[in-house]
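You will see chain A twice below: alongside chain B first, and alongside chain C after that.
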Partner chain A sequence: MKASQWIWLPAAVISTAAHATTYFSVEQVQRAIFPGASFSATSLPNAWRASNGGYVIVDRVVGKHEYITLAVGIHSNGTVKQIEIMDYKESYGYEVREAPWRAQFVGKSASSPLQLNGDITNISGATLSSRHVTDGVKRILQVYETSLKGKR
Partner chain B sequence: MDKKFGAARPYITMSMRRCRSVALALLLAMFASAAGAEESMFAFVYTTDLLPQGKSEVEQWVTWRHQKNGGFYDQLEGRTEFEYGLTDRLQVALYANYNWTQAFHNGPFGATTPPEQFADYVVGPDDIFRASRFTGISGEAIYRILSPYTDPIGLALYTEPTIGKNFFELENKIILQKNFFDDLLTIAFNFTYAPEFRNLPGDDDPSVFNWQEETDANFALAASYRFIENWSAGFEFLNEREYNSFNFTHLSNSAYHLGPTLHFGGERFFFTATALWQMPWATVHSDTVPGTLVNGFVLDNDFEKFRFRLKAGYTF
Partner chain C sequence: MKRARPLLGTYVEIEVAGLAEPALARAIDAAFGAIARVHRLMSFHDGESDVSRLNRYAASEPVIVDGWTAKVLEKARILFDASGGLFDCAVGHELMRSGRLPSQGLGHVESGSFAAVELLSDNRVRFSAPIAIDLGGIAKGFAVDRAIVTLRAHGVREALVNAGGDMRAMGKTARTIHIRCPGLDGRAVQAGLLRNAAIATSEAAATVMKQRARLPAPGSHHAYSVVAPTCLLADALTKVLVQTQDAHAGYFARFGAIAFVTSADIAEVRVA
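Up next is the complex of A and B:
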């Protein structure tokens, strides 16, 4: 095999380093959740109000080794529009980024149970990340309920 | 799951050989991106955390055992391990075990006494004993029944057969784990029942070997707190008991070890280091060998005053 044929191997190795990735900045995640909206600051440093009445709240939860940063988009009626994992630095458990799993949170509100193995399906092999992201969304919805709901 | 296979796009126009190299690269990428670390939080105590299905890891262990009654005594135990997650609940592993030791006037009444892994060697009381050997191969299986992340407590069962020259052991554990403070604090408890056979030279005629039965029954407790990202620290506490039977009769030794543990866990690499000092809490039991209990320290067989273990692992 010619040496040039091994040129693909570094590319393959580099591709495996993609786990420690920042997927969204705050501005990018705002645009991803509420496309076309403009955003203004709120009384909370990690929450922004969208021009359509919704909110984007960013928080971090404990991962296996490092923190996982997530963003929750909340409709003006207090239900979840979308969640996004903004960065993920673990060697596995990154299945929490998959759209079908994240879609389980759509429509949830502060009154939802948000229990892993209850209304949120666990990802076998990524249980710690699944639980902490679920707990993180629940905590963000509580923050919205107590600190942001109904405020202009 | 995001995989960035930047190498894949141009392969339509390539020769077959180049296609094969790309396929190899892709396979490597898929395998490496599927790999993941489920590292050992503690050096001696096991937790219920296992590798997810299809993921693998290599670990290297080094254990330094140091100092007995007098003279000098050192033993370095090496273990090289390959772990694989058969399912999300079942992890298997294979170990190669090898030892080096030096001992002189370290045993009862000042006699040179080889460590347990070299107990089938015939050594004179005033010999300077130095030896190294491949001690055997171990297999391991851990099955998790309850997860500490979704159940009130984590529970797993463990079995590890080891076979070597003049030696066979079946180590079994019950592993419990409970986490607190958003899983930043990990507490684990192990009960170990490890019956073993050793073919040893007879006391009256060292040229005649006899198979002898012994059981290690250990209790172990450990706690570690993740104080900053990637780093955890805590302690490990072991009570190791040796019986000259398989049924908890003929207790010969019971020793207590306590010391700090430090753990680093990164995306692909981890290490864990624990130093343990024997506590002077040992007492005489029915089968305690005369001269092996000194000032509250048990120094028989595989007991020593100080031990240090380093584990390092890498995913690939």
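Up next is the complex of A and C:
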């Protein structure tokens, strides 16, 4: 390992309540899933029909400590084309109650050489399960089957 | 440009920069494609995956696997040998018995070790004993590496691929890495700056302990991290670190890696 590949930093503790990322707006995710298509409203406020016959359905799933908005693109034949996460936010109960957050960076050392107030994204740790997202996708596909499939 | 998809049982985030937006979007799509391919080949849950076919048939006859699966098994063998058997993917039996993996169609499986895995020519693999392998301790890292290779092939030079905390950075940008530690819900500990390398972190509760393992104290809140040139090495070596608790063992340096343990207790003191 070269010295430039890893540089130790002071072990300051941060709050991951600030760990929130937005990847897509609804319009952006529609374009990313069905490039070049135009979209029209459906009977559901969170679903749009693409001009090629496909659908984009947006839903929110709540995990143990995370809130995720996801978009599922469905081909005109009913198969899943693409799943995109639109936003991701971590939250812990006690922090939610204590809004505004006590401090974004608890215990940040004064000698810290870095500006830490950007968005915090590079967190290494035991894997977060995406089971809730998988369940959310199943729910979305049920909505498609019952409310959208075969309708114009 | 930053995108995330649910893959490998977790959230995979890819961040890229330095090209026009359509080129970045194409590169990200291809990189997610590579990760999805690893997922399909190496999932324990998918009955059609290489791993499932190996677990069902390789004890009776050689099974032909994809070149990527063969490569991961080859690396797993090197790590098994270098760690004196502590890095061992033949944990299917233990994971099924504890209910963490489904055991459908695998009634013949017994406890064993990776020593039973024979890598033959032409991507053929045979098991000399009725074991079951689970590549959960190495495939995620390999998938991150394949994503980085794919991005580079698409002309991307600045990227970060993060598969649920196992990540690899490419390019000149130094990225601040924080470690999520069990017992520190909602907080993370700043650890270091990562550039052109990978880091992975595990916790004891998620690791299957093999023989000779020195178990961590019950209820201890530690995160076990390894920085390495590739994410496959980082991912796999965390499983060894969890068991030995020894960040100074010789094999880390031999693989060009740095190991460290983050403790919630230290972090708590700092909070106070």
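Brief remarks on what is shown
Criterion: the second predicted complex is superposed on the first by the 93 of 152 C-alpha atoms of A that agree within 3 Å, B and C clash if a C-alpha of one lies under 4 Å from a C-alpha of the other, contacts with A are read in each partner's own complex, and residues count from 1 in each chain.
As a convention for this text, a contact is a pair of C-beta atoms (placed from the backbone, for glycine too) under 8 Å apart; a residue touches a chain by one contact, two chains touch by 3 or more.
Keep in mind that what you see is a predicted model, and the values were worked out from it rather than measured.
Shared-chain residue A:V62: touches chain B; no touch with chain C. Once chain A of one complex is fitted onto chain A of the other, the partner contacts of A:T21 extend to both chain B and chain C. Shared-chain residue A:S124: touches chain B and chain C both. Contact with chain C, but none with chain B, is seen for A:T134 once the two complexes are overlaid on the shared chain.
Of the two partner chains, chain C is the only one touched by A:I85; chain B is not. Contact with neither chain B nor chain C is seen for A:L148 once the two complexes are overlaid on the shared chain. By the touch criterion stated above, A:A37 is placed in contact with neither chain B nor chain C.
In the superposition on chain A, the residues of chain A contacting both chain B and chain C are 1-2, 5-6, 8-9, 11-16, 21, 23, 65, 90, 92, 94-95, 116, 122, 124-128, 131. By the touch rule above, chain A contacts chain C in their complex via residues 1-2, 4-17, 21, 23-24, 32, 65, 68, 70, 83-85, 88, 90, 92, 94-95, 106-107, 112, 114, 116, 120-131, 133-134, 137. By the touch criterion stated above, chain C contacts chain A in their complex at residues 2-7, 9-11, 13, 15, 25, 140, 160, 162-167, 174-182, 184-197, 199-203, 205-206, 223, 225, 227-229, 256-258, 262, 266-267, 270-271.
Taken in their complex, chain B has these residues touching chain A: 1-7, 17-18, 21-22, 24-26, 28-29, 32-37, 52-53, 55, 85, 88, 147, 149-150, 182-184, 226, 229-230, 265-268, 315. Every residue of chain A that touches chain B in the complex is listed here, in rising order: 1-2, 5-6, 8-9, 11-16, 18-21, 23, 61-62, 64-67, 89-95, 97-98, 116-117, 122, 124-128, 131-132, 135.
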